[in-house]
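What follows is subunit A paired twice: with subunit B in the first complex and subunit C in the second.
Right after this comes the complex of A and B.
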């Protein structure tokens, strides 16, 4: 039998699914206990109990100085920045992407410019952003928009351009105006795709958020990680990384559900 | 099939352990690794490596010393704490809060200098420290800048409640100071000398006003050092030969200062200006006298109180006594059962006695 035709029993498939996670946890526990046996105060691979203590300290105990619950204030600050950045990017992508896709004037005007801008490495712009927009929220949100919006615009314009020409012609023979075609032919097919590309941009958006928070902030998930990195508090960094991963995965899942609920037809077309 | 899987698992686990489990193993050895980062008081290490002084002393003691420059100060300390390096350059405060709090028994081999103006508090639209009240202050949180701010506020009867600290990365300080929403900042050299020249910048406090409290050290892993005293001797030999060279008023001395200036992004004049804001202990006897003086205990008491207040001493610390600090005369500040930070004048004394 060829390897590509191998049939896995459901049990084996489940076991394989969990194996990499188990190996990771086991390797961690082993490495951690070895290091801790040599130095009980080791911070690099803390024991699970110290991680649990750190979670308790960050999430369920008010901070000694400010009285805030740090994990939640950090999450709230970061999510606000993320929501603002992604919201602006999505709105820009919708308007500019559709315009580029259906209007030759805007395609000639903006398509080369957007393609050019999308090649600028956003992190390299960071020092300029901080000087021109200050160290406050504006520059952090701007970084997310600059990093994410051009890609989303290009993606949406491509989707619109790839719509079957027949659909447009058909609508024209039925005497639809440009506006009506945009509204009834293009939007219903572009919007599901927009949400799909938003999902794909969650990862980069978190990357830009954390990079911006590492440079200057007084709260936020990235801020906390780079702050405690100073004294090697892996017991705080590990739960924060897990929490960020969980937030991103939930947002990914949530947006997909939202798309299915809002645009049930997009599901039919994809055949899923 | 089953044994195969088990073996694979064991192999993977072993790999993980190899990757994570490396620590500096303390026993007699001949190869040592030293990490340093860019700062006026540590530039001599880079120069000593370039000029062959490191190899000269290493050869004399029959060992090899690899000197690595880090672009990121905190990363160099973290690497040392994780066991990747045998010695590292750091300040007395970071030595206590990072390796010592991380359980790595650390000894200060060389007390190189203290900051005598290298760290400073700046404000805009004001002319006295008291004007800082109610402002956002940009600084690297939990660094010596934070400590300097806390000492500065103490000196005018204020506390950190009176200001709001905004954590800001050190490479961005000079740029940040030129934006409108930054009105107060604490930072160190070479940023201090650049900010001083900016219009509207008023220096309201600097480390010369807390003389001798921000100390720059070369520390080594205590176990490595006690098993390999040669390593400590070589470090002292390298340091004081480089000191003699760089403080001498000869063409060679000027060339060394110019090289160190270039390596730290400035020139000879800029580097000499930074040296002026640093109290370098070029003479080992002077370093021994400073380290052995009773003032050091006072300084370390202030530092550990600050660290405890910020929750940096160890997560479970219930008082500032959580970590023991051993002074040269054998006195121990804090927990005698958990001594993790030591000041030792042995090697500086040997240099002073010409016994290296």
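Right after this comes the complex of A and C.
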């Protein structure tokens, strides 16, 4: 039988799903124990026990100076910035993307401009943002928006443009105005794609967030990682990275579930 | 009463001439069946009548006035494909037109108006034989069912002109017979002019009051792009068929009542024409 037609039993499929994770953990444990056997003070790959201690210190013990539980305050500040940045980007993508997609006026006015702006490397703009908007929250959120919004706008405009012309004409014969076509025909069909593009932008959004926090912040996941880097505290950095990954993966999963629940038909279309 | 008039209409896409010097008068309430080889410009002609595309030269008039520049609710359409909205259920698709027409801001109706509309839509869905599928999405329907849904959706607007592009191509003989009956009944009952593209000559002669054949007058392959299609044949059905009136032939006979293969699908009664 051809490899492309291989049928996996559910047990095998589950085993395969977990295998790479298991290999990663085992490789870490092996490397860590080898290095620690050679030098008990090694900081590069700390033992699980020191990681557990660090997690306890960061997540479940109040900080000596501020009395905060650092992991949670860091998470909260980072997620606020991320949500604001992605929220603004999504709203921009929705309004501008749909306008570019259905209105010739806005297509002529904005499509080339948005394509141009999406080529600006956002991180190169970071100094400009810090200088012009100060070191506070605004510049961090602005970086996320500049980094992800243009791509989301382009993606959504493409999706809208790709709707069959027949559908739009059909709506006109059903007496729809431009506004009603946007509201009842284009918007519902663009939203599932918008959620999909939001999922894809989670990674870049975290990248820009951590870059901004690394340079200037007083709390946040990225800030913490770059702070403890000075002390080579791998026992804190590893759990923080794992936690960020977990947050991003949960958001990815949650958004997809949300799309399926809200737009059951989008799943049917994909299966055709 | 809606008459369509085409005067010396040309349609070119770039260098390619698709329709060449076509003139046609369509009387009010006629049922024109448009036939012709694939790729000769039948869909293009429908698009012109719909207002989706503009003629390169020539004029098209609707009841003596120039055709509006854009599609509107007076001209309904069922396309070859992409005719229904994938994000709405069958019921949602059928209710959409009247909803858009009455609620100009939110595009949805509520309360008593919605209940009335819901009833009318269910009736229409039953008429096209889709009862029981109200809550399905188009992706869950077969091609033929989607076409019937598109027909129901267009008819809800009570258009004065109905343009059909191979609407019944994907239907089996039994359902096709049913839908021909429905089509005839609706055309009888409503003041509407129908232009239907079809590849099925029998369908053309059963439903139409007039069969118009489109084709290229010159057909040498090397000059295919330089000569467009125009009317090669224009046949009035005899005896004339008039909307709402019976004809010499009882056209209410099920199409193919004498065809055993169709009989097997539609009813158990052989040998005699079904009563109507």
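Going forward, the second predicted complex is superposed on the first by the 254 of 272 C-alpha atoms of A that agree within 3 Å, B and C clash if a C-alpha of one lies under 4 Å from a C-alpha of the other, contacts with A are read in each partner's own complex, and residues count from 1 in each chain.
What we mean here is this: contacts are C-beta pairs under 8 Å (C-beta built on N, C-alpha and C of every residue); 3 or more make two chains touch, one makes a residue touch a chain.
Since we're looking at a predicted model, the values are computed, not measured.
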Quiz item: After superposition on the shared chain, which partner residues are touched by A:199: those of subunit B (first), subunit C (second), both, or neither?
Solution: neither
Exercise. Return first, second, both or neither, reflecting whether A:263 touches subunit B, subunit C, both chains, or no partner chain.
Key: second
Practice problem: State whether A:64 touches subunit B only (first), subunit C only (second), both chains, or neither. | Solution: first
Quiz item: Does subunit C touch more residues of subunit A than subunit B does, or is it the other way round?
Solution: B
Practice problem: Examine A:184 and indicate which partner it touches, taking first as subunit B and second as subunit C; both and neither are also allowed. | Solution: second
Practice problem: Tell me which partner A:40 touches in the superposition: subunit B (first), subunit C (second), both or neither. | Solution: first
Quiz item: Looking at the overlay, what does A:164 touch: subunit B (first), subunit C (second), both, or neither?
Solution: second
Self-check item: Which superposed partner A:172 touches (first subunit B, second subunit C, both, neither)
Solution: second
Quiz item: After superposition on the shared chain, which partner residues are touched by A:107: those of subunit B (first), subunit C (second), both, or neither?
Solution: neither
Practice problem: Please identify the positions on subunit A that touch both subunit B and subunit C, taking each partner from its own complex. | Solution: none
Quiz item: Across the complex, what residues on subunit A touch subunit B?
Solution: 23, 26-28, 30-32, 34-35, 38-45, 50, 53-54, 57, 64-65, 127, 130-131, 134-136, 214-218, 223, 226-227, 229-233, 235
Quiz item: Touching subunit A in the complex: which residues of subunit B?
Solution: 9, 12-13, 15-17, 19-21, 23, 74, 78, 81-82, 97-98, 101-104, 138, 141-143, 160, 164-169, 172, 175-176, 178-182, 311-312, 314-316, 340
Practice problem: Sort out for me which residues of subunit C touch subunit A in the complex. | Solution: 50, 52, 70-73, 75-77, 79, 81-83, 85-88, 96-97, 100-101, 104-108, 137, 139-140, 153-154, 157, 159
Quiz prompt | subunit A residues within the subunit C interface of the complex | solution = 164-167, 169-177, 179-180, 183-185, 188-189, 263-266, 268-269, 271-272
